[in-house]
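Two complexes are shown next, each including chain A; its partner changes from chain B in the first to chain C in the second.
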Partner chain A sequence: MLTPLLLEPALVLAGALGGPPPAAPETLALRAAHVHVGDGTVLEDTVVVLEGGKIARVGGDAPSGVRVIEVDGHLSPGLIALRDGTGAGSERTESTRKLTPTVDLARAFDPEHPDWARLVREGITTVVLTPGSSRVAGGVGAIVSPALGEVVKPGALVCLGASSRSLSTNEEPTSYAGLYAHLGRAFSEAADGSPLARAKAGSLPVMMEVVERSEAMLAVEFAKEHGLVGALVGLRRADGAVEAIAASGLGVVFEPAGVGASRTTLMSARLLHEAGVPIAFTADAESRGAAALRMAAAAYVRAGLGSEAALQAMTHGAAEIAGVSGSHGTIAAGKVAELVVWSGAPTDLTSRVLHVFAGGEHVYDAQAHGGQEAR
Partner chain B sequence: MLNTMLLSTKITLAAAALLPSAAGPAQDAGQDAAPTRSHTVHAETLYTSAGDSIRNALIVVDDGKIAAVSPGVEATRDAIRAKVVTAGMIDASARINVGLRSVEQGSEITPEVESRFGIDPFDARWARLARSGVTTAFVAPLNQNCIGGFGTVVKTAGGADLVGRTVESARMICGAIGSQPSQRNSPAFGRPSGLYNRRPTTRMGVEWEWRQSFFDAGQTPAEDANERTRTLQDALAGRVGVFVQAWATQDIRTAVFLKEELMREGFGELQLVVDCAAEAWREIDMLKRTGTAVVLPPLPSQGRTRDSALMPLDTAHRLVEAGVDVCLSAHAGDNPGARLDVQAGFAMRGGLDRAQALRAVTAVPARVLGIADRVGTVEVGKDADLVLWNGEPFEITSRPVGVLVGGELVVDPRD
Partner chain C sequence: MRSKTLGPRRHTARRTPLLHAQAPLTRAAGLALLAAGVLGQTAWAQDSEAPGSEAPAAASAAEEPQALAIRAARVVLRPGQVLENATVVVEGRRITAIGADVEVPEGARVLEGDVVCAGFIDPWSVAGLDANSARATSSEAFARAADAVDPYSQEHVLDELVRAGVLATRSIVGARAPFGGLSVFLRTADAQPLLDESALHTAVGVGGGFSQQRSFDGSLTFGFSEVDPLQRLAQIDKIADQLRAGAKYGADRVEYELELAEWQKEIADKEEELQDDFKKAKKDRDKKVKKAEDDGKEFKEKKYKEARRPREPRFDPEKAVFARVVNGELPLVVRADRALEIRDILKQTAEFDRLRLVVAGGRSALACARDLVARDVPVIVTPSASAKSTGDSLNRGLGLAGDLHAAGIEVLIGSGGSSALASRDLPLLAALAVGHGLDADAALHAITRGPAQVFDLGADVGTLRRGRAAELIVLSGNPLSSSTRVLFAVSNGEVVHSDAD
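Moving on, here comes the complex of A and B:
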């Protein structure tokens, strides 16, 4: 186990002081006034026991002889950011060809990059590292832990670009027809066991970037034809297309929305959520800053998405889309111990992150970090 | 409700007004309350595009189709009344594509590409087109390739489901002869820097690409043909039509000469339609001789169209009198003159009578596009695509006040 990678001296943790890294994280319990499970439910005054890097139990009394941290606020799962390129820069986009579906984004992961600390300070404990938007099939996304500096799951998702961002007038394909001709060929020629073949069998989720509704309709059609599961990423509006998207079983991942986001975009998240479509958000922290994820959630809440639904989008919903809901995304026994302690409700923008646990380790403590301005 | 959100306010209101009656238990489970596709329409005068006009016609629309047309009948209580009813108009060159991304420029010749990938069902122009009385549109890929690909016939209303809106038609590959396919291109100096360096730079080069591709396709044994070659072979065999944009005289000639040359050399006979045929009036005999149908572009304000082609007011009249199949088009333009009903009015000003002008925006394009079994006339069994007018069609004081597309009342005259 690596030492916590939050690098500033002020961040060094009590548990890790003055000795070699422990073989396994300490067993401890958190007793929180409000536990946001991540699936939309909230438990009051509940004990969560962490053991061996996992959540051992939710509810009941704290075991004796175990350190108990009293949380006079809110506890949530660590946030999950779908699509990010922190630390990778241009290294995440293999631009020799439009289709490089077997390229492995785990190789672009720089575990030592100092910017990861910013994400952790915003409560983000899991990130899906993806290729840039200009590719048609830019590679397989890797799920990484910014706090632990570890690749959680390489080859986790097939990343496809089916928006105007993947088209240019100077390189084939220049059209949607050409794009889907290339994609169709790549899928039909995919070797057994390759990422595209596994995506076709439904055993590997895809993230298909689309911006316009017309692009979403084509993507939905393609996904249906090839039996793909996963999500559409970057959709700006869904009105009029909700039925088709819901029928496809695909989720929708929205890009960070600021104060200037259009009402139709903000409303779309609610429409999709109400139709039972899993929704999530990208982080894009490398360009928008680490706080953008939660800012986006707040903007959607303001447009009528319930605050628990918004939190669900950043936790369980995102884990479902990324295919890791068995291990991530909720506060439940058996899940990895990735938790955030908040001063208030997680989707309230005035709430601050007080503590972050990743892999059962206490990787961030705002008090220890106190006095230093957020970068 | 959701699928009405993309329409304009007025249309949304019309659809919303229908919801209570449509939301009965008979509706399919899990669907949003779909608007009803059954109506009764009464016309003081019905122009069927299939014969004489009918006074006091009662048109019964059942589940999107015309179920009965009864002459000399008074309006029933529930009938939607109109002074004049015609078939929904068909724009044979509607151009509602997503622009450059509708055409695959990885090659100059991409006949196998389907234009539907470049059509946005949410495009705001659809609602505008429907409001103007156009119920069916032929959409080609943007004319930046010599041969761009298959066009698609689409109804102008019906929401997100483009496949459901598509009308099965004659298969036609669309392309251009003239300056458009070459206009972005330049020779490479040194190392080519992009795909525009290897493409033709003149209309001669464009024609060469056409000729070369058909020559190659004609020489290729069927078992060696890929999708592209197979499509061209289908065109040579007449199974697939060829819809060529050619504005100026020399380009119209080139298209026809190419067809005649391929015939002479035993390659086959192209089923040619010349789109944007502004100067077709200069080559009437040639078009007649080869049975070539034309689609006229919107009448220009100064006489000159693209490629400096001159299109006088009586162009449609001269061609129709000579027996050439003429379709009018409005290119889905956004200025008031670029509406199909206004274009039909211009054609009347140039000499067509009303029945001829109406046929040039209904029955003739239906036949040319191979969709006459579904649309183009008001007859029992056809799609209930109807335009309700407040006066004689194409008069300057007349306009569509009601529109049905596949039985769905997308513009309600009672609003």
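Moving on, here comes the complex of A and C:
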């Protein structure tokens, strides 16, 4: 198994950041006017107690003797970026081979990369580091914490490319038929305990990259045939395919709709959400910038997706797709203490990130940064 | 519900002949025009309209739309100036009253919302234009974006802009050309120009060829290759040279007008003199004719020698445009990002004291803040999620708009013309700037009043005031909040979008 081997370097790196194993963070309580839980609900005037890097309690009074931080604004779970390559550069792509399903992106994590601070400043506390888009089976994504410089979960989900981006003219596969032939063989030949075998058993989620609806339909078929769970990533429009996607049980992860995105794309998120399909957004901060995630969410909100649904897509929905909803994505007892304090509603672009907590620690304070983006 | 008038465009709006901008010379210009009637030939025939053609293009529609009474909890007259629980009355395509106790005209349609404010204006857009013209990599300074307006193929795009509350754009052709030409100020709801020629758009650092590059993951990316530094400096020199040439051209033109007027006056004086002394002159002539007959000689008519007509300078459309720019009649927009280049542009253009310079882009403009403030140069910023504040302290990333505003620079926010649909996301871009440090009122100013003022439509749009054109939006919440919906859009006095439809 890959897991223990890969965890080690990550821990060493994390150690390098913070010196010897840090003492458990202090217990503290946040009292916020609005607590956006992440699952679509909002609690008013609620106390959240953080203890030992976890959320100990939500609601009730602050325990005595504990520092209470009054939050004059909104509290949300830390945002989750489902596809990102910050700091990984060419490590994301084994350019001579299209199928490298056992590569773990945890190895490509560089906790010292300066760009991570940008993501944290935008409220992103959890990132799924994934292989580049042009592969067929580029490897397994790793869940990392940019604020703590730690690998949270290596080998977290299988990344497959089933869009035209994974087709070439001079290298196999050159057609969708060829692509699925390769993919089918890789799945059938997968050794026990390997990522593809675990994906087939339903114990490891997949993210299948598709752009067009026709590609989505092929991917849905393939997922059904191999019993895959997880999500389609990068779909541009879902109109006409909503029922089939909903029936497949797969989620849909949208790429950040940049400025000038088409209306059909923007409307698709709402259609899928209304049909009960879990939705999320990729971050792609390495190419689109750290603010792209929230920019995308705001664009979808303006196109009619509800504010809480958009926040859910960046928190609980993303955690579900990444298979970490047990520990991440909502403000609930037992979850990791990853929280963001906003000056206004989290999905409103005019809101500013005031504080970020990760691992129960106060890792970003806008005031200490002079309210500016300088670093 | 959208009514659309797709008739032939009116090219009238406000094309003021060069001379009108020069106050001391208007009399000479008047004389010249007067003389033109006499001589059947005019210097400015290609450019002049009847001086009274200042009526807004809006007046073209035949019948008046239904009067509107718009009630809202907050009426934003202009950013920072808000009336609570007020009504805006629109009659005959104009705002006729605003206040808490205004009389609602009989038969008026009543609209209700949380906030009413001026429609958003994108000062840097390619909306409403033929896509190829907008993307052109080469263009001329005298190319008119008004000639590239394409209401048919762009209808769906313009429709999305209206739904987003973006009711006007300053649209440019040749977004990738060093000299983009004359931008058009477009009303998005009906693709009619509010102002045919609103500014000369130029750019430093663009115009390189089309290139394809292989990125690290093996995929091909296509884009415009960068222009090298020397070429960029040459582009700045070219702008400065053209301004100088334009100044000379304008001066020559003015001199010609004066000489022509003088010449015409001389002729007129002579005519008058002859008229006055007609009887005496006839008598004298008769006498002379008789004398000649008596002497048996041939009568020689005394010839009147006319002074030579001054020579008209050769018409040059490019220089004519730069002459208007030098005069301050048209603002000059220069797209530039690097601090060195912005500083160079400021230096090279310092001699033209009537020039109205606007910087577009301005990624490192903060480094030139003092000069920009001293010269009163506004900056059009395009907030972008991918804008990184690099280790380079000159580049402020997303904090740029807030930093420039704090430094005292007038900040406008534009979509940057990356695509026509980008203008739809103008309120998102403004919100992004607010989320990264820009004051909320300044952000609203940057997409309403600011663009209107900088590009000469401040007396008509961009603010809500009695007498202004009815270009406004009714919203469900704060203008820049992401969750706010545009309930109604009113353009040219008509409801052009209703959220309920």
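We take it that the second predicted complex is superposed on the first by the 348 of 375 C-alpha atoms of A that agree within 3 Å, B and C clash if a C-alpha of one lies under 4 Å from a C-alpha of the other, contacts with A are read in each partner's own complex, and residues count from 1 in each chain.
The criterion applied here is as follows: a residue touches a chain if its C-beta (ideal position, glycine included) is under 8 Å from a C-beta of that chain, and two chains touch if they have at least 3 such contacts.
These numbers come from a predicted model, not from an experiment.
When both complexes are superposed on chain A, chain B and chain C end up sitting side by side without clashing. Contacts of A:S203 after superposition on the shared chain: neither chain B nor chain C is touched.
Within the superposed three-chain model, A:A290 lies in touch with chain C and out of touch with chain B [touch as defined at top].
Contact with chain B, but none with chain C, is seen for A:A241 once the two complexes are overlaid on the shared chain. Once the two complexes are laid over each other on the shared chain, residue contacts for A:G258 go to chain C alone; chain B is not touched. In the superposed model, A:L167 makes contact with chain B only, not with chain C. Judged by the touch definition given at the top, the superposed model places A:S133 against chain C, while chain B stays out of reach.
In the superposed model, A:S188 lies in contact with neither chain B nor chain C. Shared-chain residue A:T93: touches chain C; no touch with chain B.
Annotation for chain A, partner touching more residues between chain B and chain C: C. Here chain B and chain C sit at a least CA-CA distance of 14 Å once the structures share a frame through chain A. No residue of chain A is contacted both by chain B in one complex and by chain C in the other.
The touching residues of chain B, counted against chain A in their complex, run 2-3, 5-6, 31-32, 98, 100-106, 110, 113-115, 117-123, 141, 149, 159-163, 194-196.
Those residues of chain C whose C-beta lies close enough to touch chain A in the complex are 160, 164, 216-219, 384-389, 391, 393, 396-399, 402-403, 415, 418-422, 424-425, 427-429, 431-432, 434-437, 440, 443, 478, 480-483. In the complex of the two chains, the chain A residues touching chain B come out as 164, 167, 169-181, 212-214, 217-218, 221, 239-244, 271.
The part of chain A that touches chain C in the complex is made up of residues 89-90, 92-93, 95, 114, 118, 132-134, 165, 168, 256, 258-263, 287-292, 294-295, 297-299, 301-302, 307, 344-345, 347-352, 371-375.
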